[in-house]
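In the two complexes below, chain A is the common chain; its partner is chain B in one and chain C in the other.
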Partner chain A sequence: MSQLVIETEGLSKRFGNKFALDDLSLAIAPGRIHALVGANGAGKSTLFRILLGFLSPSAGTARVLGRDCSALTPSDRTLVGYVNEEHTLPEWMRVRELKSMRQREYKGWNARAFDEVIGHYQVLPEQRVRELSRGERAGFNLALALAQSPQLLILDEPTLGLDVVAKRAFLESLMYSNATEHCTVIYCSHQMEEIERIADDLIVLERGRLMSHSPPDEFCARISHWICDIPFMGPEPATIPGYLMRQKLDGLHHYFVLDQDAAFAEFLRSNGARSANCMPVSLDRAVNAFLAKNHATPTHSR
Partner chain B sequence: MARTTPLMIDIATGDTRPIVRQITDAVRIKISTGEIEPGDQLPSVRGLAQQLGINPNTVAKAYGELTTEGWLEARQGMGLYVAPRRQRLSRGERERRLDDAVQRFVAEVVPLNVAVDDVHTRIDAEFAALQRRRA
Partner chain C sequence: MTLFRAEWSRLAMYAWLLALAHLGGLIFLSRMMDLGQQNLAVHWSFGAVYALVGGLSGFAQFAIYARPNPWLSLIHRPRSPGAIASSLLGAGGVVLVLVVALPIILTALWQETLTARVVDTRHWLLALAGWQIATCAYCCGVFAALAPRRYAVIGIVLLFWLINANATGWAALGLQALALAWSVWMVAALFKANRGSPRTAGIPAIALPLAMATYFLALIAFAAIELIWIAWGTHPNNSVPPPGGRIEMVKATKQERMLAVLAASRHADAPLLAEQVKLSEPTSVGSGLSRLPQWFELANVRPMEFDDQRLGVRYVFSHDDGQLHGYRIRDGADAATLSLKFPHPPLLFGRLPGMRDGDAVLIARGRVYHYESESQQVRQRVDLGDEPLVSLAPIGEAYAALSDRALYIFDARPFVATRDVVAPRARLPLPGRYGDLSNLDLIELVDGHLIVATFGHLSNDANRTPPFQTAHVLRSDGSADEIGRRALSYDHVWLYRYQAVWISPGLHAVRKYAKHLFADASTLELAAPALAPRAVWALAIVLGLIATLSTLWRLRTVDGLRRWPWIVASGLFGLPMLAAFWLIELDREAQS
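Moving on to the complex of A and B:
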């Protein structure tokens, strides 16, 4: 087994009284596309900032490509590509200038990868970055990141605000470009539709903690949706095994539960259910139910 | 000239079936109905991934399962082909599934109040059409 691409142990980051990362131990093997999901404030961006060496942890360790994140050298940094949701690039530079600057900075520059990606967008060399549309800037940013031949590519909500064509082009560049063949991709997104299409691996963060790490279909299979007919009140959530979320619709109780098998029907019957039916859930529903459990809600609605 | 037989399938995100499962189900149906036949070449992993807009590893996984189950076969350096038809289920399992299917069918048809002879005629016609497609 080759060395881990990302390895954190007991990683914590505290801002005032709030833990953005809380004892996070994460190990990511080389290759493939790893999706990272979590509610807003789950600690994704903080994790990226620590991995990139922009922020130092309050406790614990973080390593990228076998190197300690707090001591990355410029040449280590050339091996990590980073694309953020704002697609932050120097606004005043021309496309041609920025490209040749990056080309000088990165020894492993892959001109073919750049052309392959940028070909999907109408970006002219003499245009200034600020003159590009959001989609064009995203495409240009991804082209730059892939051309640097990174071993690790971190994408933080890269398709936010892109139109359908630009989004498809972006995902195609990511999945079918030769440049990503030897690259590990960390893909952070709230769009389950995208994650279902591209992810080999799903990492769920919640309040700075690692909640789940498995292929998406295995994650999905752990969550089931039960519909039962219980007169009056259902059981108290605290007493329900694997409880994630419930809804009452047209007098029927809907429960989303984790890691429950057929025995859960017995539990429902023993709580007065006249009927209990189980069905599988989509990835979108699964992630939603999983994160709903501890998601902030106004106290009066509880 | 393309030797690949087109695979006219699509996948849906937000389905309760994982994408791997959607692909394996669709291919099994196409083979069972004769829409694609033994000896037909399937799209490459990359080609089908691009057609469906999904990760190539997902297609590879689906093809892997279908190959293990004997629906597809790999030819060295040539790609994947629909495997020759052979019995994939045990006799007992076939009996059980046939029984299930007949029970379900009868349960659906009885409330329709159709003459049994008409039902027979319709079934015969459906099977005949299937035979013609396979021939």
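Moving on to the complex of A and C:
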């Protein structure tokens, strides 16, 4: 049996002429919280749908917990929890009824995990799901998912649309739950401060391809932010080694570059820079710069 | 069970409200009329409403689940898709028991216990029939919600099947059960995590109705062309029809029809008979009936009741005991039950000249009965065995009775003067099949009758005979001579007449088989279809080959297990199956 929680090889998914996933080979080891980031349309949700057997790949293979994704059995599904951004739950049911239904469905029901998470929220058993606030609903959904004792928990943008307080409650309930110690969490989000806070591993997808897979610190370390004073126009992007993004703020040129060391300062000076300073990069800016590199831009600009 | 209970809690309120509305409607209508004695059109209307309620319920219930995230949440649980489907469909089925079946049962119970109306076993079975129709439509609605849009509505083919099928009574219930099972099979084919790719075992459940729907679309396209033709003003039905054709004869007067066949005859008596036709006022015989009442049928060909206005009593036929049960029209109180047990369900044929007020004529297959109001007795007057009579009409001093095989002439006098069984004076076997007969015209001669039969009923249909006319003289002594026979020309080209065949001979055969499945052969529909011209078969073979080769080419890289069933099906069912193949395999192909 494979030791990997998720394993894809040459995975591609095509919709018409567009590739949502393009030759994606990904291996995720058990344990820890793995953050999956990428711009809209990077293929994150498509990947989850293939992993859960709801889409067939156009090419390649995908395995979850060692099982072929296209042949997951009901008992395999017990081991994989999934929380989506809508927190889809039966609106007409009461909290008590839904909890009791899930409890009967999942043999490994972990009541302690449920209570731990739901304790962060003011959810009453007799409330109907439709009566819950968005934050309460997210918390209730997370409690249900963790209480089923999954080996793999996929969270697909679970904090989307939550206010600051609800978002913090959600993250804390996830981080401090003992249930997460025994499972691998795949956390997909556009909120870099969340990822910075909880992720042990960062996976960057772009246009269906795997662009980076490393711990967040290592990822940030690869990206450097240079601020320099160039009296004239800066060097052409095509000539800049490891170029990701540039900005001009208050007359200073800001360059974000990949895998460049101190020698980059010499490059800037050789292109007319009177000063060149390297600044630390936050994960948010690092990911932003990384994803900006291949952003589509109009061919002709005015 | 937990999922079933959860779904039931979602639907319960809606179910109770609809059930109350249905019960209220049935109570109101039962106050206005005897619902058990309504004809087929009324039953169809009820069936259509139940199908609509079922279809919309299924669609509404599953449209919520059909979106990507709810579908994922529904299926991604430690239960097989089959078990999940059983729970949800089971809840929907229980809703329809409450909404459709229970109000019918309660209404029947009320009619049975508190009124003098006849409530037979067949009326109780209407609850089952209504539920099966509604549940079949419900599954079609579920399928519509879950299936890709390009073939979501094909469930309608199953519902059209139920409307068009000839099966009655228990056979109709069996047919509905089969349609219901098929609709469940269709849903099961898609009820899986990846709905874009139906289960291999479920593909026939989708492919055949889809091919049939495509086939019907092709026929509808021909009908649309015909509508344009009519609007253009050159269609034979709406302009001057081609001379010597069937439509010309159908539009002609009785006299013109009789004269046309005599004019084409070389018989020596033809000119003299033509003169007599010109001096006479011809009569037509026919009933327009296409089917006879069957035992325990759920609906009625015609209302199974008649009124004795003299006594103010309405007699209603009971399928359970074969007797006529009376109740007073004024207050609905119980009245006499007539002692005669009918061997077949009878139809009312009004009154004949000379009958007294309140009397009535009833025909039960080959037997004619006379209800006498005065004695409140039913007497048998004609016995033709199992040869079903469809019409009895006075012509001068005689009565003409038409069966599915022959025309009988009876003397009128014994009908009025005696109470005995009357034997026919003369019999003319029909020179064609009853199902092809469009007109039967006759005049009285000095010693018999001149009878002109025109066969061309629906002769634009591939299942009917080439149109023709015959003229016979039937004498009083029972002897008959053919005076003339005339072939009529078709008004449409073979490409139009045989469209149902050459588009797909396979689906044409399936359609015919499905229509008559479980049904007793109705002799009134029997026709003598002509052999299709060779050009029809040549065209059908070419189209079948195109379909087969296209499928073969498209699946050239696919393994045999998936490839050969499609290739064989395309060969059997032609272009409609090719269309079904493209529509179903679009996703699967893209994914492979």
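Before moving on, here are some points about what is shown:
By our rule, the second predicted complex is superposed on the first by the 294 of 302 C-alpha atoms of A that agree within 3 Å, B and C clash if a C-alpha of one lies under 4 Å from a C-alpha of the other, contacts with A are read in each partner's own complex, and residues count from 1 in each chain.
Here is the rule we use: contacts are C-beta pairs under 8 Å (C-beta built on N, C-alpha and C of every residue); 3 or more make two chains touch, one makes a residue touch a chain.
All values derive from a computational prediction rather than experimental measurement.
When both complexes are superposed on chain A, chain B and chain C sit side by side without a clash. When both complexes are overlaid on chain A, the residue A:Pro280 reaches chain B alone and has no touch with chain C. Measured by the number of chain A residues touched, the leading partner among chain B and chain C is C. Once chain A of one complex is fitted onto chain A of the other, the partner contacts of A:Ile33 are limited to chain B, with no touch recorded for chain C.
By the document's definition of touching, neither partner reaches A:Asp229: not chain B, not chain C.
When the two structures are aligned on the shared chain, A:Glu131 is found in touch with neither chain B nor chain C. Contacts of A:Ser56 after superposition: chain C is touched, whereas chain B is not reached. Superposing both complexes on chain A places the Cα centres of chain B and chain C at an angle of 160° as seen from the Cα centre of chain A, in steps of 10. Within the superposed three-chain model, A:Cys220 lies in touch with chain B and out of touch with chain C [touch as defined at top]. Of the two partner chains placed by superposition, only chain B is touched by A:Glu172; chain C is not. Judged by the touch definition given at the top, the superposed model places A:Leu89 against chain C, while chain B stays out of reach. Taken over all C-alpha pairs, chain B and chain C come no nearer than 28 Å in the superposed arrangement.
Chain B makes touch with chain A in their complex at residues 13-21, 46, 49-50, 53-58.
Of all residues in chain A, only 14, 49, 52-58, 70, 72, 74-75, 77-78, 80, 82, 84-86, 88-90, 92-93, 97-98, 100-101, 104-107 touch chain C in the complex they form.
Residue ranges on chain A touching chain B, taken from their complex, read 32-33, 168, 171-172, 175-176, 192-193, 196-200, 216-217, 220, 279-284. Those residues of chain C that touch chain A in the complex are listed here as 2-3, 5-6, 9-10, 68-73, 75-80, 193-194, 196-197, 590-592.
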